[in-house]
Every structure is written in C-alpha cells, then in structure tokens.
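Presented sequentially are two complexes of chain A, the first with chain B as partner and the second with chain C.
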Partner chain A sequence: MTTPSHRLSARPLAIYPAAMLLVFFLIPFGIMVVVSFFHRVEGAFFEPAFEFANYARFLSPFFGKILATSIGLSAAAAVIGVVVAFPFTYFLTTMPRRQQTVILVFLLSVLSLSEVIIGFAWSTLLSRTAGVSNLLVWIGILDGPQAYTPSLTALLLGLCYLGFPYAVLVIYPALSRLDPELPEAARMSGASPVAAFFNVIIPVMRNTIVGTLILVFVFTLGAYLLPQVLGRPQHWTLSVHITDQAIFQSNLPFSAAMAVFLLLVSLALVGITMLLSQPKGQRS
Partner chain B sequence: MSTKSKTLHFSRRRFLKTTTAVAGAAVLSAPFISRSYAAEPLKIGTYGGYFKDSFDKHIYPEFTKATGINVESVAEPTGEAWLVQLQTAARAGQAPADVSMMAQTTRLKGQNTKLWAPLSEAKMPNVKNVPDHFVHRYADGSISGVGAVSWYITLVSNTEKYAKAPTSWKELWNPANKDSLGLLALVSNSFLLEITAMTWFGGTNAMDTEEGILKVMNKLAEVKPNVRLWYRDEGQFQQALETGEIPMGQYYHDVTGLAASEGKPVRSTFPKEGGVLDSGSWSVSKASKQVDKCEVFINYMCQPEIQAKMSRKVGTAPVVNRDILDLTDAEFAAVASDIPPILPRYDLYESKSDWLNQKWSELIVG
Partner chain C sequence: MTSVRIENLSKTFGEVRAVDGIDLDIPDGKFVCLLGPSGCGKTTLLRLIAGLEAESGGRILVDGQDQAGIPAHKRDFGMVFQSLALFPHLSVAENIAYPLKIRGTGAEERRKRATELLDLVQLPHIEDRAISQLSGGQRQRVAIARGLAIDPKLFLLDEPLSALDAKLREHMQIELRQLQQKLQVTTIVVTHDQREAMTMADIVIVMDRGKVQQAGPPIDIYRRPANSFVADFIGTTNLIPCTVKDGRSIDVLGHEVTLGEEDVINPDVNGSAILSVRPEDVAVTERAGDHTVPGEVAFIRDLGANVEISVRARDLEIRSVCTPKRRPDVAVGQTVGLEFHTGRCTVMAS
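Showing the complex of A and B:
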C-alpha cells in the first residue's frame, strides 16, 4: 500500500504514461476513426466526408462470416495455447532453477521470430517435398509423403506457436509464486496429484488463466500473414482483408472501418470474458 | 524546371549582384540563366529497385550522350501512391517527375482527370514502331501515354512433375491437377478473368457487361479445387514451384526463364490462347515545363535498338513490333512470344474496381 505522500509524488509521473498513450495510441486511433467515415473515391483515393457507407458495406453476411472466422480462429488458438501452456509452465516451475532459466531464455528467443519466419518455417515443415511426412514414410507409417498445408490444422499450429511463448511468460510468474503448501495440503487430504491440479491449482490460478486467454486471443487476432501462408482462402481473417483493402485496393476508408469494427468487437468480447470470469463474491 | 524555381534563381542572381557589387554581373546573368535552364535535368520516374537500377545503368547515360539532355532518375513507389503524389503536386503546379512509368490502371485514372500532358505525335516519329495497344490516346486522339516496358504472365510448370509441357490454359481446369496450382490472389494483378474469358468465352469482350463478368467468374470458380495457393508474394510461389510442392500455376515468363537457366526444374509455356501481356507506360505530368524534352525521351525509347537492348539487359518484352528488332529467336523467346497476347481489361479495374474486388473476394473465399 502506498502512503498518501507517495501518491502525491507519483502524480506528476503519471503524466508520462498518459502522454505516451495519447501520442502513440489515442491520436493514431482517432485518425483511423475519422478516416473510416471518409468518402472513398473509386479510381482515385478518398476525400474528407462524414458518411456511413464504409460501415454499411461491412455489415453483410460475407464480412460477418469473415469476422466469425477471425474470432473463432483466435479463440481456438487461445484455448489450445493455454491448455498446452498451463501444464507446461506448471512442470517448468517444479524444475531446478537452472533448467527453468534455460527454458525461459529459449522461449524468449522464440519471441524474436517474426510472423513471416514462423509462417514459412511451418509451411516447409508441413510440406510434401520437405516436411515431416517424409520422416513418417521413412519410419514406415506412411506409404508416400503428404502435404499438411494449407489447412485449418496448419494454421492453428502456426497461431498456437505464435501465442505459446506469451502464454508461458504470463502464466510463469503467477505459478512460480504459488504457495507450494496448497497442492501439498490437497494431497495430504487424500486428493490425487491430478485431482489436486484440477481442483486446487486451476481454481486458484483462474484470473491468470483468463488474462492469458485474452492476451493470446487479442495477439493472434492481428495475424495477417499466417492465414495467407498456412490457411486456405476460407481461413483468411479480417486482418488479411484489411491489408488487401488498404494496400492493394487503396481503399483506406473501408479498411479503417473494418479495423474499427474488429477493435470494438474484440474489446466487447474481452469485456464480457472478464465480467463472466469474476467469481460471484468479487462481482460489484 | 518550373517557372517558380526559375524566378527564385533569378532573384538570387540579383541578390548576388547587389551585395557583391560586381559591375558586369547584370550582363553576365542573362546568358547564365538560359544556359542553366537548358542543362536542367529531365526528371524521369521509374519503379524504385530493379527497374530504376537498370535504367540508371543501361539507358540514361547513353540517352544523355545521344541527346545532351541530363537525367535525374526518380524512384517512384508501386501502386497508386505515385499517382496521388503526381496529382497533388500538379495542383500546386509542381512535377516531382516530368515523365513517369505508370501501370495501366493508374495511367487510366490519371487520364480521367486529364493529369497527363497531351503529346505530339509529330515530335515522336518512332511511336509508329509501337502497336496501337501500347499507344494511349485521349478522346480527341492526342497521345496521353506510350508503352515503356512490358512483360508476360504465362502458364508455368515443374518439369519433373510434368514431363510434357502443357499447351492450354484449360490445364488449370483439368481435374487431374487437383490441389496443385498456384495462382495470383488479386483480381487486379492475376488477370484470371481475362484468361477465363479468352479460354472459354472466345475473348475478353465477354466481360463487357456485369452479367458477362459474373458468367466468367462462375467458370473461374471451377478451378478452386485445383488451387493449392492463392499467392500475393511472388517468392512464396516461385519456391514452391521449384521444389515441385506446387507444380503448376501462373507466373512471370522472364523470371521463370531465369530460374530455368539456373538449372531449376521449371518451364514457362505460352498457351495457345496466349500469355497475358501486362505493361508500364510513359506518361508526362501536365505540370511539367519540359514536355518537349519528354517527347525526345519517349521517342528515344521507342527505337528498335533501345527496345532490343532492354530485352537483353533488363529482361522486359519489347513494346515495338518484332520485325524491326534484331533479337535472335532465343533472345526473343526469353522475353516474349509470337502468339497473340491476352490484353488485360484495365478499363474494368478502373471503372468497376470495388465491385470486381468484392465479387472476386466472394468467389475465392466463399
């Protein structure tokens, strides 16, 4: 707890993050909102106006399906990512300190890979000519090499790979601070290790898990290269279509409208998730 | 150079004269101005990167030697950004480049707003070497642009996967090629509608009406089960074609030939319906004060020797008729073909761009 004097001295410092937020987030976002109402001049660029045509074009079954695809893909990637990352991190925290450091440094180095490298690496790994299926043929499981990309599975693999290190790095601090007496007490009361994990550790970590789900969801929502490299056209996310409109069609007003819509929908989803995930006692 | 900067120049001379108080300065300044104006470089815009580097190396030095006109090479961005810059600058009476290489859709958009200075046919006698589809005119017949470079998109295949070269675009529809094609992902750069119209509907005028276009799209939708990759990035497809991962598709004739000459198992075939001939054209900004020099440059570029040199050194297809070129059969085949080309319907990408784009997305994604 900070004392009142601390809070007083901290106040001028708060101007700094506020200013950064204004300059690097609110102003660019404001420009985008303004552009989303501009008039698209077909065969040219755009001109200042205030019209809803760009939003009207978006509100169609076609783009509705694309929005649903984007949200579904990111939600699936978030759930799979956390389901894999949570036990992984739990076992990680039970390892000796030295090994933990090595693994964490490795995960951090994975973060340095861009979406481009991850996309092309997975498309090679899953290809017919150079991919893992050749290994399966060599072992004798398959008769001939197969291509596993482009497909929904390939895309989800790529998205989970992208989100996994973030998930571990968010879960790790909370799990490593977890009181070791909690699972011990559960086991002394007769619970099996698996039961202790599900009935004690997971409920205690509830907020962390929800936070991680939201982080991976929002993070993968912005992926626009992986769907092109690893997915089929029906898996192209809204981010892919935003890029197409902005870069290839020079239709900035429409792409801005789509981006605003995507942001609002994801904010709403995050808000609902946070509300629903609060235990009853804490709900205000 | 614009009149504005000329006046600036002049006033600086006056300033120098008064401050240095050199008696003869006023007399000397007049010839100096006209000399400097004559030496004012012609600003020529080409796409930054490979094109600009090639022009800097192979074309401009000899153009200056031949005509005495100095060149300032300007790197222009691809896409519509350059058109927007030229338009904005022209409103202020400025020309960031006097003459620019423009893609066809953007050239048409400029033509609609009368951005391009009308050019004199009499001052560019070599334009008679250029076939009509590369000479662009305003409604009154004056020239708004002249072909600069061209290139073909053809049917490419992996030679290990396909021992025999395909002969028709109909191969794209062949059920035997399930899940093995790589096609360009955008309506405006793949020209797949033109290919479909030419292959199945007897020509691109099948696309004159919206109903016609939808019919062509329905036919094109039949290739979807055969398409493994809709690519936006060229490198992505080229690599897959070379390894045989995606053994067939549409790609650039020149680049494929280059890969084959490096020993990669790929080939480019001109189908009997023709390759798609895409191109860039020279257009002059109406804000340019050196239209006469631009005409000298365009006329210079339309010479058969220069076009042959471009084919040899830059790898572009000539924009003049073959019979006046001294290219050998092998040199010609490396960049072009005698089979009549499929000419893209740029007018549609200009007049119906959003409608086409929407229908196209629905076709591919749906």
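Showing the complex of A and C:
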C-alpha cells in the first residue's frame, strides 16, 4: 500500500525514465522519421520535403531480397543461438556455484568484445593463411589449408557468437529459479532425463525461450560489420546497406527510410512471434 | 507386494554425513514415517530410496533386488515432493496421467485413469482445470493422485502436508492413511511432526544425525523409547537422572523407587541412568509418602481439557498432567509426593 504522500514523492521519479526515453529514444527516432521523407540533393546533403521517393525506391525486388536475407540470417542466428545456449545454461545451473560464477564471468568478458574485434578474430581463425585449417592439416585431417571465410557459415557462426552470451545471460536467471523438483517429478513419473528436459523444462521455460529468441534476433539484425567481414556481398544485410547509404553515399533520407522500414518489420515479427507462442486457451 | 531392505546405507555430501550407516527392514504394505529434527537426513534417505541420489555406501534392496544401477525413472515408484512439483503447463488430468503417457498408454485409457484417481482422492470433475486454479489442498491431492497413477511399487512422500494449515493437515493425514490402507501400497512418508507420524504410521523410524535412533510401531516408541533423544522427541516426557541398584530398584533424587514387572530397563543400562516417565504417568499426591518422591508445586495450569502441574524436586521440574476430575487438591508452594505409574517407566542409559 502506498500512502498519498508516497505517491506524490514518487511522481517526480517517474518523470525521470519518461524524460530519458523522450530525449534518447523518441526524439532521435522522430528526427529519423522526418528525414526519411526529405529530398536528397545529389552532390550535396538533403533538403526538407515531404516525398515518398525514398520508400518507393526501397520497394524493389533488390531491396526485398536484402530484407529477406537480413531477416533469414538473424532468425537463423537466433534459433541456432538459443538451441545451443539453452542446454548449455541448463547444465551450467546444475554445476556447483563456484564453477557457475567462473563461467558467467567469462561470458561477461566476451560481452565486452565489440563486433569489430569478434569479426576480425573469426575472419583470422577461418582464413587460409592463419586459420584452423592449418591445424587440421597438421593433425592430418586435411591435405592443404583452406579458407572458410567469407561464407554464409562463417557469417552465421559470427552472428551466433555475438548473440550467444546474451542468450545465456537471459536464460540463466530463469533457469536457476526453476524448481529443481519439477524435472525430478518427471523422473519419478518414469521420464528419462532427456524426456524430462523436453516434456517439462522446455515447456515451463517457453516464455523465456521466446523472449531470448526475440532478443538475439533483434540484436543480430543490427549487426553491420560481421556481414562485411565474414560474408559475401550477397549476404550483406539491410544494416550494412543502411550504413553504406548513410556514411558512404551520404544519402541520409534513404538510409533513414530503410531504418524505419526495418524497425517496422522487426516489430511486426516480434508481435507475431509473441502471439503465436501464447499457450493454448490463453490466446485471446 | 513390495518390501524394502536397507543395509548399512550411507551418503556423504563433502564433509557432511547426511545418512550414516542405516539398516532398515520395511515389510510389504506398511505405512512408514521417517521422523526426526531438521537436517537429520530424512529427505536424503528418501531420495536415496527413490534413486534421485547415489549412495556413498551400502545397499538398497527392493523385493530382494539391489537397486544400485537402476535409474530413478525405471524404478516404478510414485513420489510426492515437498513443493508438490505439479507441471504448470499441463491440466490436472494431464498431470495425473503423465506417468502413463511416458509409458505409452493411449489417450482414452489415460483419461479414464485420471478420472478414477480424482475420484479416489475425492476431487471429482476437475480434470480440465489448470494447476494455477487449484487451492493448496487440491494441489496436494492432485500430486498424490499423480504419485499413485501407475500403482507404484513404493509410494514416497517428502513432507507432503507441510504447506497446509493445521486443520486441513490433520484431515489429510487421516485421508492419506485411509487411502494407503485401501490400496495396500508400501508407503514411506517424511515428516518432522511427531503427531503426524503417530496418526498415520504402522512403523515410525526416528532419525537423528543421519542415524536411526529407533524403529517400531508408534505406541512402542512412545511407551518404550530406546534412548533419551527418542523419549524427548516423541511427545513430552520427564527425563530424571537416577541410579540403578540391584534388581528392579532405582534411586531417584535420593529416594528409592521399585519398578514393576512391566517397567522397562533398557539392556544397555548400568549404574547411573535416566528415568523417562510421561507427564500423564506422573501422579501428584497431597502428602509425600514412603514410595513417593517429594517436591514442591511450582505452577498449575488448568487448560480445561486437562490440568498440568509442575513440581520442583531438587533442581528438576517434573511435569504431571491429569484430567480435571482427577485433579489433586494442591496449591502452589505446597509440598507434595510424586508417584510414577507402574508399567510406564523406562530406564535408559544416560
């Protein structure tokens, strides 16, 4: 129960997050939306206008394919990342506390690496001259060193690597709060550990899993360096093109239009995912 | 038809000896209560039997078969957990029938069995409810129904009633006992409530610090406790230092008391010992006589249903309980005599 005086004193505090949201999110976003309708002046910058040319240009098979590539790549990275991260985190929570802490600290330190470092580290690791293939040659599995990058696999690997620690850090608190007697009750009901994992742990954790999928999806959607470092030009995502248009072509209105479009599409996808993942009977 | 035999079983967690060399025999169809203070290893013993914990030493035999190497999910036991551990994403019927589903029983058969079990635990017509819609007592019964779904060889319960309020709890104790008698399933229940154990059990196993202190029918344990821990843990008792002299004569607080044929002197007693006598087996007489221990009334508490009189004898406080009808005519400060009912005294090693 909050008394009126408490509520009064809480009001100025509520203004703070609202103001932060306004200053750092809504205003820049508004500027972006406005710019997306501006007219680009060739050789110069842009001038105020209200035209749909930027959006019209976007609605072409070329950019449609790029959008599909972006979404496909991020969705794949999200699914692979969660499929790997979930069992990993489950085993993590069954380990002694001390080892859990060590591994979590290690994951946190991976978070401190920027996309640039991750991208170039993987590109070196997968290269012909200094990569892992040299190790495989040395062991005797391969006849000669090979380049694994640039390729789709390399790019997916990089994106998963980027999303994995976030996935673990989101799943970990939920899994460590899970009643350990739940899987045990499944075991006593006759379920093998694997059956207990699929019949009980995964369904009980569904909301967390969906949340993590969305998080990794949205997060990797914003990656603009990895596709250039690890992928081929046909793997360049919308984020790469936005960067390209904004920085190298100085076409801010068009890049703003693409950004708005990307945002709307990912919002729609997130919405659909949340709707579809609601348990039976609770769907309204 | 399931009997359990436990031989020199032990379990250590690092330095902690949670279960420390336990031997037990549990005959078929019995209702067994594991009773003891917090941390004495009850849950660990139950989990060892369930197969959820690997033993550090010793053996568990179920119907003569060594359980080592049989994983929990292949033992065909039923278990009710302390948190109940009902599956929140499944309906009541799906929860109850989960053990059948795992074993490949068809949907129709599962539904039928769930309905049957819900009738058995007196919760008809709630098959399709969500677990979150149930009250504490209803969840309890659903968990019990799930534990019984496959006609388990052994039914294991870890403090199943601890989350219920006192009244419902007492009711469920009786119901659980009746259910077990109907099904004749060998049942092991962990509890730290001695009243609960006395209500339900054929056999009470009193544990302390990872060891079995005494095992037997509840009334035997109450009347003939093996040691002062058991005497004190089960019900209330007076523990009075005494010295055993020749034959059946003992010296209590400087007064000689002769024990009857029915009184128990534990075999491990010699010399100085402890006399355990329940408050209801101590009579207060208005005058100190030859065969009574003298003392002074310190406190009288009239609770309506019975009267408690505390008598100070030397530096000990000895409690007596009687019905209001038999209340002696004494007042606080008065010198009285204490008489111990013959056949109700136990002398144990100190």
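Just a few scattered comments:
The rule is short, and it goes like this: the second predicted complex is superposed on the first by the 271 of 284 C-alpha atoms of A that agree within 3 Å, B and C clash if a C-alpha of one lies under 4 Å from a C-alpha of the other, contacts with A are read in each partner's own complex, and residues count from 1 in each chain.
Here is the rule we use: contacts are C-beta pairs under 8 Å (C-beta built on N, C-alpha and C of every residue); 3 or more make two chains touch, one makes a residue touch a chain.
All of these numbers come straight from a predicted model, not from anything done at the bench.
Once the two complexes are overlaid on the shared chain, A:A130 sits against chain B while remaining clear of chain C. Of the two partner chains placed by the overlay, only chain C lies in contact with A:S189; chain B stays clear of it. In the superposition on chain A, A:D143 contacts neither chain B nor chain C. The wider contact with chain A, measured as residues touched, comes from B rather than the other of chain B and chain C.
In the superposed model, A:V200 makes contact with chain C only, not with chain B. By the touch criterion given at the top, residues 179, 181-182, 184-193, 195-196, 199-200, 203-204, 206, 279 of chain A touch chain C in their complex. Put simply, chain A touches chain B in their complex at residues 40, 42-45, 57, 62, 66, 120, 127-130, 147, 150, 228-229, 233-234, 236, 241, 244, 247-251. Interface of chain C with chain A (complex): residues 50, 52, 71-74, 76-79, 81-83, 85-89, 98-99, 102-103, 146-147, 149-150, 156.
Within the complex formed with chain A, the residues of chain B that make contact are 79-80, 84, 87, 108-109, 112-113, 179, 185-186, 188-189, 228-230, 232, 236, 240, 243-245, 350-351, 353-354, 357-358, 361-362, 364-366.
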